[in-house]
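Chain naming follows the written order as A, B, C and D, and within any one chain the residues start at number 1.
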Amino acid sequence: MNAAPTALTAPAAGSASAAPGADSSPRRIAERTKAFVQEHVFPVEREIIVDGRPMDDALRVRLQEEARQAGVFGPLSPVAYGGLGLDTRALAHVLEAAGASLIGPIAVNASAPDDGNIHLLAHLATAEQARRYLEPLARGEVRSSLAVSEPSPGAGSDLTMLRTTAEKAPGGWKINGVKHFVTGADGAAFSICMAATAGGGATIFLVDQDNPGLTVGRRMPTLDHSAPGGHCEVTFDDCFVPDDAVLGEVGKGFEQIQARLAPSRIMFSMSWLGVAIRAHEMAAARIVGREAFGAAVAGHGMAQAHVADNEIDIAAARALVHSTAAVIDERGALSGAARHASAITKTFVSEAVWRVLDRVVQLYGGLGVCEDELVARFLVEARGFRIYEGPSEVLRWSIARRVLRAYR
Amino acid sequence: MNAAPTALTAPAAGSASAAPGADSSPRRIAERTKAFVQEHVFPVEREIIVDGRPMDDALRVRLQEEARQAGVFGPLSPVAYGGLGLDTRALAHVLEAAGASLIGPIAVNASAPDDGNIHLLAHLATAEQARRYLEPLARGEVRSSLAVSEPSPGAGSDLTMLRTTAEKAPGGWKINGVKHFVTGADGAAFSICMAATAGGGATIFLVDQDNPGLTVGRRMPTLDHSAPGGHCEVTFDDCFVPDDAVLGEVGKGFEQIQARLAPSRIMFSMSWLGVAIRAHEMAAARIVGREAFGAAVAGHGMAQAHVADNEIDIAAARALVHSTAAVIDERGALSGAARHASAITKTFVSEAVWRVLDRVVQLYGGLGVCEDELVARFLVEARGFRIYEGPSEVLRWSIARRVLRAYR
Amino acid sequence: MNAAPTALTAPAAGSASAAPGADSSPRRIAERTKAFVQEHVFPVEREIIVDGRPMDDALRVRLQEEARQAGVFGPLSPVAYGGLGLDTRALAHVLEAAGASLIGPIAVNASAPDDGNIHLLAHLATAEQARRYLEPLARGEVRSSLAVSEPSPGAGSDLTMLRTTAEKAPGGWKINGVKHFVTGADGAAFSICMAATAGGGATIFLVDQDNPGLTVGRRMPTLDHSAPGGHCEVTFDDCFVPDDAVLGEVGKGFEQIQARLAPSRIMFSMSWLGVAIRAHEMAAARIVGREAFGAAVAGHGMAQAHVADNEIDIAAARALVHSTAAVIDERGALSGAARHASAITKTFVSEAVWRVLDRVVQLYGGLGVCEDELVARFLVEARGFRIYEGPSEVLRWSIARRVLRAYR
Amino acid sequence: MNAAPTALTAPAAGSASAAPGADSSPRRIAERTKAFVQEHVFPVEREIIVDGRPMDDALRVRLQEEARQAGVFGPLSPVAYGGLGLDTRALAHVLEAAGASLIGPIAVNASAPDDGNIHLLAHLATAEQARRYLEPLARGEVRSSLAVSEPSPGAGSDLTMLRTTAEKAPGGWKINGVKHFVTGADGAAFSICMAATAGGGATIFLVDQDNPGLTVGRRMPTLDHSAPGGHCEVTFDDCFVPDDAVLGEVGKGFEQIQARLAPSRIMFSMSWLGVAIRAHEMAAARIVGREAFGAAVAGHGMAQAHVADNEIDIAAARALVHSTAAVIDERGALSGAARHASAITKTFVSEAVWRVLDRVVQLYGGLGVCEDELVARFLVEARGFRIYEGPSEVLRWSIARRVLRAYR
């Protein structure tokens, strides 16, 4: 399969984040990433995505080693830790390429929740925390998890409903509470855990996964299966952590966790855009080669309408991703502009990707709902994207309030 | 949970198909069916729908016996065969009630493909064929399957691409070919098989499942798991059937199979409407009891918009179903009016149900994509409805051509 | 142009409201109405709809006289007053036919706001009020207007914001306030006016248009031009009305005005459905006869998709209208069921009609936005339908609250 | 009204087309244009847009003189001709600002069809043609028109159906035919006319408007009124033009007219985006200040959903516009990439603008459909945008074919 027509509309990769012409231009890295995913990831993805085998660590380590050799490992990991240290604009090119496979992002060490956690750690970690947590995570030596969401009536979209508590104890803190949708927990080396602390605020803690007070329960049976480490239930039961387990400032957790938000939303969007593009290309190739009612399916106007709508959705999603990436790089991930733009982009892209995959399923006909075909799994795996990292409804609400505030 | 508000908009059940006031009015049967499904089917549905255990025949037989005792068995089976013999208008009330569970229709012996097959047999079977095939099927003694679709480049939406052939042999026919998406094949007693015969036409055959020339292959890994007998691959290999296995006329298969179409599309719509209503009610109950951002979720305008849109979609879908049911009863299932109306209704209802379930998932938030909750499975199971029995695109094409023909 | 294919899906006109077989069956009246509109209204509609000449009373009187002779005058007027006295189910057939022209409803004396006012008067008027107001209105001798909405910050969708007041005076009331969107005011014989009265409630008054305290201001420049009498600004300035001008009970206006609501919403829906059907038929005829890109426009899949979507929207809208008409007839216009169903129906139909007209404009291409073609005016005229009689957002809110109330 | 929140998501204006920091950076010019439109254009727009007075040349000349003094005249006119000579990326900022008023683009001399004609002339004109036609057009001394579309069965979206002919005559050509939708014809100095010439091709001609063989007929009553010079019917009757009236090459008209396409589509999108943003800002301001049902309208979730959807649509439209502008600048307006990207962008933006304006009308309630409010006119004026310069259906078809071609 050659350069897809959608590539026609891709904005030129600017020279902002890499020396022009060099092997390390974002466009070149994206091309290498695309080739890497096709050669190394496509051959092994079916057993994870279709057959439902959980991604084991041996496979992750092997793929990441191959990525390293291909020069595409660690797009967002700092250069000092063996990564490519790309800025957000460059990531837009590279993660779209990695996203062509659902396990492409983990293969290059840029999958959720590690991607956002790397950002959070880079923003908040002390030197010692960086050495113990950020560096091995960025190097792909370990995986991490994010323990924020709680079963009802605890914290969901509304973080202020946090029920998990951390009480001061001599030399540290005792965390108690139940979390769920703890992405990546199964097999992670540590969790980033948010807990309510005295005074009405929240505090972020770094908790080693082998802490005896932390129990990883079952993987929740979510529609998506391909997230490394799954989405788990996790219990903190008098879980003691030392004082230096506090990430950032005590009581500032609600504000400081925001440092993950814009980056994780935009990176999520980049990877899923890659899935949509691949499915779009698969569908186009397929309908050119199938006949019905006396012509190639590709010759029927209603199929063409789906193809055009997919092309339009992908072009708009990509343009938004690149535009928001620039906002994040120029104004900072914590700026109001970045938060507004990433909320808009995550909402639009998650819905556009869903529409694209849904149309692709229709274009496949009966086989579109048969898990023999990757596209059936793509659709099911994608459903959570409109909810994880902020449901569309909550994002729309926040977008509207930000707009309307200017008029009060 | 009390009478749902959607019931407010339900048209009165006319007296067309049953003595008014009697226990056998469609409305009364629907109420009994609703109660039956809640009491007998809800308690056992999770292991099939969520846990993925295939529906076995022991469970089917048990549920159907309970249905018989509740007076709700066989809504579309002829009275002579122990059924209720309801007309399409009455079925609209009853199958919506049965559809509240994905295994409700099989529990009352009104699930695909048996429902359409009963119609086809009632229309075409000789007395002997009726005795051997229709009667046990209508009585719930056996299940049946429908072997029409073929792998590419065979028959899909375009039946004329049929590759399976039946050649005349002494005293009968030899069928050769490969079918897929053979709904219900695993455990069925017989298949209704379409094959190309000399002269350019097609012929419908009744093939006993234990015919040595018929091999049921694997259940295809479709997104929907709850169809009794699955969707299977089936091979016909020099499969000999006697002359009296021909259903209807030799060479008239393309025309005669249409007798299934309007009934199966409208009954499919009725059952799925039941699923949508149940999910809508579950979501309404849930958001009344959950809080976020300082109020019940049910108090937030964006949640209310989803609830209203669901109510509207359900009301419109139900009105179309009832209106089309009247067309089928008054003009006959083979009339152009019935085919047009049922194509419109299947297209609208399959898309409306999808929208409803999709909004319900959003209303559930994270748990909406977790298979602990039925609604996650409902969404995935429903995806095929927009493709099975005619993809929306093919139906739209046929609808448009029928409209435009009048102006040529 | 012959029977349109959409007619295929029309439910049979029941015998509920007229003797079967007779000339007065709803279906027969609808057919006569269709013929009347084509013969008498189509030839004169352009100067009103396209050229923008306001409908004058001479034309109205002439058309209504022709309607009387054609046996189609007064579908909702009581038989005692020379009307046909049809119930809501029958009206669904007849007003759809009348609606084929934007001035069809006024030609048969069934246009807003007279239609709702007739219902309100029939419900609330004393014998003397009926003689003075209902009878001439029902007979088509006069037109009426409805003075409820007020400029901001007065009553709009939220009636409780009512600013117009009526104070008790000897022998009557003094009304003061400003109204706008007073439909039909220019040339009306009387207004139905809502005003706040002591004690926190509202009261409905019948005000003769020649009352010196009532001043009809300008016709507001609304996008729709074809409403007889326009939408006017009206001022009540110490407008004295006698005690017997009170319609219904003093202080019960908020509740009693609801008697208009379900009927006016459903009749509005019926007429607009007629417009959509006509535009759909015009578009189908047109694209069959036009060529582009080597084939009739009707042969292109994207045009066919529009045609199919229009057919589906029309069928669903019609089914909802008929289903809600039955609810109104069976449970009464004031029942919660009728209010819920009519809110759903008005929301869906107003949006479906808009989609249909919008697609028709696309099918016409450039001429679709040229007022030489009726369809361009249809689109513009239709825009208010999603706002008048309750904006979709307010209706969705009320629908959701009614649904959710059952779960609290 | 201050900087709207939508500005948050605007990509930074690159330095590609102007010296950074200087007064002539695109961002600075856009700011000046915004201020100019607010100060000079807003005060006079109502009589054109609402009251329907055709834009006369005196007003155009006055506004353009004021634009010149404000340093915002001629954004796309060459610097040599007194313009700003901006590239497409810079225009994206400036025309969005100009578009805040429907007559903003003409006020800065960047309205259709002159904008596309300037591009076409810059691409094809001889030095002498540039002197006679391009220079006065770019300087705002004259307006131009575009005579391509023809009444059925002539050229519309399908240019190959061209009926107007040009026959060789001694020293020149004789043009015969009828055109319609000739944008700008009333008052233009010349027309760019496409006519079929011998050999199956087409040729583009420059025809002075005072040519006795050219007759400008009526302004067509299109829904949009604000286009300078209207959309007219034009007849060519033995219209003689000399040999040097040929623009480009004889017989290459079909190919060469494409030089207008990408630029005119993208500039059209930029201006209309400006309208959408203004309407969005007006609606936000309004609903903050209006009450209903016990809270500001801005506090109701369904209103917030509209605001958020508008913000999302605007952000996506803007991102696409900027991304496509970069493609045009980098690969050239005639490249396949530019044509593909501009078709995608025009389709998306025209539909997004329509959705935004439609939601704004709902947010305004009754007054949204009253021409007292600009937003009512905005909606009606915008309807043509989805058809002019290529209807969405034709564009989707072309987009799909370009995508699918790569797989054949």
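Throughout what follows, contacts are C-beta pairs under 8 Å (C-beta built on N, C-alpha and C of every residue); 3 or more make two chains touch, one makes a residue touch a chain.
Every value quoted in this text rests on a predicted model; they were computed, and no experiment measured them.
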Centroid comparison with subunit B (C-alpha atoms), farthest chain: D
Interchain centroid distance [CA atoms averaged], subunit A/subunit C, Å: 52
Mean-CA-position distance for subunit D and subunit C (Å): 38
Contacts with two or more other chains, residues of subunit C listed in rising order: 300-305, 396-397
Category of the chain touch graph - line, ring, star, complete, other: complete
Subunit B to subunit D touching residues, read off their complex: 300-305
Of all residues in subunit B, those that touch subunit C in their complex: 1-6, 8-9, 11-12, 284-285, 287-289, 298, 301, 304-305, 307-309, 311-312, 315-320, 322-324, 326-327, 330, 336-337, 340-341, 344-345, 347-348, 395-397, 399-408
Interface residues, subunit D side, partner subunit C - complex: 50, 149, 152-153, 156-158, 161, 180-181, 220-224, 231, 290-293, 300, 302-303, 306, 361-362, 365-366, 368-372, 376, 379-380, 383-384, 386-388, 391-393, 396-397
